[in-house]
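Every chain is named by a letter (A, B, C and D) in the order it is written, and numbering of its residues begins at 1.
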Amino acid sequence: MNSDSLTRAFVILIRRDLMLAVRHRAEMANPILFFVLVTSLFPLGIGANPALLQAVAPGVIWVAALLAALLSIENVFRSDFEDGSLEQYLLSSHPLSVLVLAKITAHWLVTGLPLLLISPLLGILMGLPVDAIKILFITLLLGTPVLSLIGAVGVALTVGLRKGGMILSLLVLPLYVPVLIFASSAVDTAATGLPVTAHLSLIAALLLLALSLSPFATAAALRVSLS
Amino acid sequence: MNLEEFFNMGGYAVYVWSSYGIALLVLLVNIIAPLRQRKKLLHGIAATARRRARRNA
Amino acid sequence: MFNNFFHRMASPKHFYRLAGILIPWLAVPCLLLTLAGLYYGLVKAPPDYQQGDSYRIMFIHVPAAWMSMFIYVVMAGAGAIGLIWRIKLAEMVAISSAPIGASFTFLALVTGSIWGKPMWGTWWVWDARLTSELILLFLYLGVIALNNAIDDKRMAARAVAILALVGVINIPIIHYSVEWWNTLHQGPTVTKFDKPSIHLSMLIPLLLMAVAFKLYYAFVVLMRARCEVLDRERNSGWVKELAEKT
Amino acid sequence: MTQSKDTAALAAHALECIRDDRTLFSNLDFRLEAGSALILEGRNGSGKTSLLRILCGIRLPDAGTVTWGDTAIDKLGPDYHMHMAYIGHRDGIKLDLTPLENLAMARALGMPNDITLEAALAKVDLAGYEDVLTRNLSAGQQRRLALARLLVTDTSLWILDEPFTSLDVHGISVIEELLDAHTTSGGMLAVTSHHAVNLQNTTVQRINLSA
């Protein structure tokens, strides 16, 4: 199986998913709106005291991002399962884990990236200092792919179930804990002006681990769900 | 170490005995559950076998 | 010889009979060890100079916490064996281990918070170990929920195996990140939740209880696995005969 | 159609399949050679679809093995899948893409052959619908588009589950022609169908699962 046809399949699959997403442009806005809405609920709940808001801002923004990612990860395989294309990936002459990685990359471009781009706005909303916003941006840049990769394993395990959504959060949220801890503490530390290289390198390590293991776990889970 | 002192547990009786009580409860439940399930399974299998026999007879 | 044994063991009928024989041989020593552990722990061991007698909760809490980790690893291992070599027996052991592991995790959480009450005055403390146990409980509940959600038993077992493997890779990461998080947000009032310095009189009951819990897990997982065998082999002849007899 | 046909054969050995405690079939054996077709018959729920999915390698048999050129298909993985194509109950095409985009995707997933996508569409009588959104095609046209996927990759084994569903008389004859051309040029076919599948000069095996 020569590798150039594999990379071609990888690129074509990503381009096709992006095309599909563009044709459902309205749906692309959902994760962003959810992210902004959940974040702006907290000041209403906690009160507008700037010092307090700034103290909780990293954790609040990151929990909101995490929930937005979880909400949107569900349809990475759902539509393919319903119209039968998922079976075709299993039967392709390319390794399933590569095709799965293409699907996850496309999903991240459609949902993870927008969360990233809007995060500075939320940083301002919550009164974060500028360099904390920069670090927030970097943690989301490194962290949201991890959310998509780990989430994909959960989706693959529950894609065959009628009400898979409920179980998905129970399966996936515990696995999100390390990213949440390192990322929100990175932004917190940055707000106090201390160096954050340790935090960012840990998140980067999580990303590499997820990148190398999650496609195989997701492929194995898809084979089980479709058998 | 007489009995009364033993149960008092140096004033922490509530905490120590509630912990051991809950432990005993959890461990017993995990033994009883499979026993009851086994009985239920066997009765269920026997019942379906009888029903199927009656249907064929 | 070994291959024949393994092949014979793998047949559900033989496993059911063999497990039936093994269970009492595991249950009796477990009971004896537990009684010994309780005697040495509750009666013989001296009170701690700092915590008085409340530290005796340790003899339940610590072995339960060890078991919660141990069972998850065994579950992931059995799941992997079932997934790779498609051995039904391994699948059944993995499925049967989940509720037992969840029970021990719950037990560790409850006894941990009860033990913390006299020391810190509150029922729940975001201590590193307790927080890790809480997340481990969610992982167990995820495994049990996934197993119940899938109707086909063989597919459920394979899905659970994958989830358990993903979980077992994440457990050390979660543990490390929670430890790291705990040192970060170390509140001034929270004293480090460590065991009192262990000397022999306290170590013996701890080890006795730890071994007793392992034996307990062994015979309870066999009991649950036997139920799995009956459930899966309900249509085969020997199960019907067995059902008629009882 | 210049499709290279290697001589590997698909063979089933003592296959068994159990669903909800019912044995659908057990120790099922057959061998499918180049240029021949296997037609599966049987009542609904007799396990026809399960057998096809076992032959594809999507579903694991409860006992027995499926071999492709004397190697078990689960060992081969993609090396087996490159030689086969499967069309199930669901069409496996995206309704929000055009037929050309769908076929381009199907070609990317397999080993491309040298037929153009437009020619493949013409063969299933969909010439002129290249850029119509698949959502706007009729069910019969969508089914023919799904079957057009067979033409854009170099596959010798076609596994089809009720290919003629929602096709009209004309559609059925178009597809039968394609199946016939495939088998006469050395291809292999495993198909379930309630309609009679008349193939001219190909050796046909019939297996009835509810006999």
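A few notes on this one:
Criterion: contacts are C-beta pairs under 8 Å (C-beta built on N, C-alpha and C of every residue); 3 or more make two chains touch, one makes a residue touch a chain.
Quantities reported herein were computed from a predicted structural model and do not represent experimental measurements.
Relative to the centroid of every protein C-alpha atom shown, the closest chain centre, again from C-alpha atoms, is found for A. A centroid comparison over C-alpha atoms places D as the chain most distant from chain C.
Chain centres here are Cα means. That of chain B falls 54 Å from that of chain D.
One simple way to say how far apart two chains are is to compare their mean CA positions; for chain A and chain C this gives 32 Å. Note: centroid distance chain A to chain D, computed from Cα atoms, is 36 Å.
Chain C and chain D have Cα centroids lying 48 Å from one another.
Taken residue by residue, chain D touches two or more other chains at 60, whereas all remaining positions touch fewer.
The residues of chain A that reach two or more other chains are 227, listed in rising order. Shared interface positions of chain C, i.e. residues touching 2 or more other chains, are given as 234. Looking at the complex, you find that chain C touches chain A at residues 83, 135, 138-139, 141-142, 145-146, 149-150, 155, 158-159, 162-163, 165-167, 169-170, 173-174, 176-178, 180-181, 184. Considering their complex, residues 153, 157-158, 160-161, 164, 167, 170-171, 173-175, 177-178, 181-182, 185, 202, 206, 209, 213, 217, 220-221, 224-225, 227 of chain A touch chain C. Of all residues in chain B, only 1, 6, 9-12, 15-16, 18-20, 22-23, 26-27, 29-31, 33-35, 37-39, 41-46, 48-49 touch chain C in the complex they form.
Of all residues in chain D, those touching chain A in their complex are 53, 56-60, 77-79, 81-82, 84-86, 88-97, 101, 104-106, 108-112.
Residues 42-43, 47, 52-54, 56-57, 60-61, 64, 99-100, 103, 106-107, 110-111, 114-115, 117-118, 216, 220, 223-224, 226-227, 230-231, 234, 239-240, 242-244, 246 of chain C touch chain B in their complex.
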